[in-house]
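Below, each structure is written out as structure tokens.
In the two complexes that follow, subunit A is the common piece, with subunit B as its partner first and subunit C second.
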Partner chain A sequence: MDNAQKEPLQSSLRVQELIYGLKISEVMTKKVFAVTRNCTMRDVQTIMKNNSITGVPVVDSRRVVGIVSMNDIMNALEKGAMDDVVTLWMVGEVQTLAEDMPLSFAISAFNKFSFRRFPVVNKKNELVGIITFRNINMALIRELSRQLREMESLHGGPPERSDSLDLVKVYQLHRYDFENGGKASSEIKKFLKERGIPPKIVRQVAVASYELEINLVAHSNGGMLSFDINADRIKISSHDRGPGIADVELAMTEGFSTANEWIRSQGFGAGMGLPNVKRVSDEFAIQSAVGMGTMVRAVINLKKEKKDEH
Partner chain B sequence: MNISDIQSLAAFTCVQSEYNDAVVAGGYTSDLLSDVMAHAEEGSVLITIQAHKNTVAVASLVGLPAIIVCNNRPVLDDMIDAARAEGIAIFQTPDNQFQTSLLIAQHLAGCPAR
Partner chain C sequence: MDLIRIADVLDAELVHGPKGWERIHIGSVFASDLMSDVLMSDRDAMLLITSLSTEQSIRSAGIVGAEAVVVANSKTVTDGMVDLAREQGLALFRTKFPKYESCVRLGRIMEG
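== the complex of A and B ==
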């Protein structure tokens, strides 16, 4: 009872996780109005007025070189400089987001920077969209409605069987809370064991989830660990609110660790966590951005090929 | 060799005796919990100086029925409570990891040196 009051409802955690699971490209506005360097402030003002927008990126062969916001227009207006080219008034060195980043990174970016919008770029660094808080709110509403519909369609269905493998569960983890790091893993381990999953697979899941739990409490500013289980596979995802990993390849190198003395005194920080997760997973993905967060996804198949069982 | 056989050896003091008396399949000596998770065989006894709750969590996840804490490192109550809940035995010894590993290995091989 106490726990239920301290922790947010499982359903609200699940919604958060769903949102975090989306990619920025699924949420952003794809129809972007942009101008080139030789356009004037008046051009931008017209674009803003005609399309009810408040920020216009400046591009040079599809690369973002600056952004003009309502504020810049006001400054130019005040100085009677509306016929100046945009490069004189725009804000350069724009913080952009990558289209394949998880949405959680965008949420962190909005918290970290005071910008109201972020241009979104593809792998070639070309402008492909723009994201505002409005996009995130819309995605939230969309996901909430979908969840509600799902709940409604489940309601009145056959009662949940206790031997069913289907499970979606989200755990919240806090920085340095070693006390609760491990709770999720042992609950999931028990769940799988009770349903007769082979010990080898249970151990793979336990190792992956425990390492991810420890990473969340030891290295992140807090985050969540979610499990999505069905008869075919177990999907474990970890999302955190930063600080992010500067060099993911280095972090994946066995033996590399940024752990402090205290973490080491807890028996961790040997630089084996992420490599361990990868080793036991059939599919593994990691994404990270400094200041925004880290996302790790590990999938362990339940229906393995026979040749794997040696 | 069973866990209860470890308890009967003079080198060890049992600090958590409410365990499931299983056969000891092997041993694993390490102070890095990630290393234990990666490499320890199920059913092994863990020989370590890492005496805290996380050690029990790792032992439980990997399926290690007993933990031997070397160099007489103190074992706190929360570790004992966690181990009791999981049915994992905890032993303490003044010996170091090398001496303890040797002793356990000899007993596992069935030729204890007295």
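== the complex of A and C ==
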């Protein structure tokens, strides 16, 4: 119980798997109550009371400059300073989240910081929403019910055919577990080969997934690799729990690597991993935040338009 | 070129060979100890020559769909590597020749 309270979401990797596809913007509360610098603590208290909320961001031309929580209100109340402007009592230097981050980044943020809520900002750094545990809980329940319904409807369907390409599979990977790094790719490769997928495409999928597996094992604190396959395309998603990439553009540069000697002794760390994933993929996307994690999504089409051979 | 011819030229010891390995066709040779480079190779019917005698070498070869791996320099081959070769349907050899000499020998017969 103690542990569960200290780390409320630590054991929730399975849940994270379910929701890796959700973005913060799909989960957050969009109707945010915010105040400007010249509002008083009493104004904030009224907003909290009328709307049953416990945290109000302070904005200056839509940028978040602070946040006032119930705690700050109590402190001001104690000192009889409810007519002070919020800037005297708010907590500045607020940790915000970006709206296009995957939901798992928010879960990491809740694990890392003790805050109960995070203001969410858009690309221009303007406040667009707020995210709390409650939002995450609701999203999880929604997502779990949806998946349950899907499972139920699949249950009565036709038995799985051995030549069917439909497959959803998730693999867990741990830091420095080079022994198991590669198992997922080998299994997926076999699956595709047995179903008569052309060797060149099998190679593309195997290479992308293997590079991602190696990345998870060599560079992340652990994470998962998931496959979503149907007759049209193979979608590979890699999702880890940090440490995150400081400069994604640099990480995508051929030859750039942060690998240590040990990783190099295994024949890796030449700084070709991510560029190689991109090279073999028809669609490629990467998202990362320091302290939260990295997500890579690679799609390889099975029904290729006439593509240049090389 | 058939794999048996390659084994012969490299005076290689067969560590594991799938059934009918002698007749496996090899169309290209790739020599590297850097698995990142192996993973960038995009060739059919490939033979990998490497002095990196690790399980990851065998895995990487399997991932790019290579047909066979030759471990150069008489490096020790572990049981794990043999298991992986079997799993991936790869032929696995060991030669006393270093990587460069192995390449030169193969180059000569490929030219000729």
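Throughout what follows, the second predicted complex is superposed on the first by the 290 of 310 C-alpha atoms of A that agree within 3 Å, B and C clash if a C-alpha of one lies under 4 Å from a C-alpha of the other, contacts with A are read in each partner's own complex, and residues count from 1 in each chain.
Just so it is clear, contacts are C-beta pairs under 8 Å (C-beta built on N, C-alpha and C of every residue); 3 or more make two chains touch, one makes a residue touch a chain.
In this text the structure is predicted, and so the values were computed from the model without any measurement.
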Handout entry: Superposition on subunit A - do subunit B and subunit C clash or fit
Key = clash
Exercise for the section: Please indicate which partner A:36 is in contact with in the superposed arrangement: first for subunit B, second for subunit C, both, or neither. Expected result: neither
Exercise for the section: Go through the superposed model and pick first if A:301 touches only subunit B, second if only subunit C, both, or neither. Expected result: neither
Practice task
Once the two structures are superposed, pull the subunit A residues common to the subunit B and subunit C interfaces.
Solution key: 178-179, 181-182, 185-186, 189, 199, 203, 206-207, 210-211, 266-268, 270, 272-273, 276, 279
Completion exercise
Within the complex, subunit A is touched by subunit B residues 31-35, 37-38, 42, 50, 52-55, 57-58, 60-63
Fill in the blank from the handout: Per the touch rule above, subunit C residues touching subunit A in the complex are 33-40, 42, 44, 52, 54-57, 59-60, 62-65, 87-88
Handout entry: Residue ranges of subunit A in contact with subunit C within the complex
Key = 178-179, 181-182, 185-186, 189, 199-200, 202-203, 206-207, 210-211, 266-273, 276, 279, 310
Fill in the blank from the handout: Within the complex, subunit B is touched by subunit A residues 178-179, 181-182, 185-186, 189, 199, 203, 206-207, 210-211, 214, 266-268, 270, 272-273, 276, 279
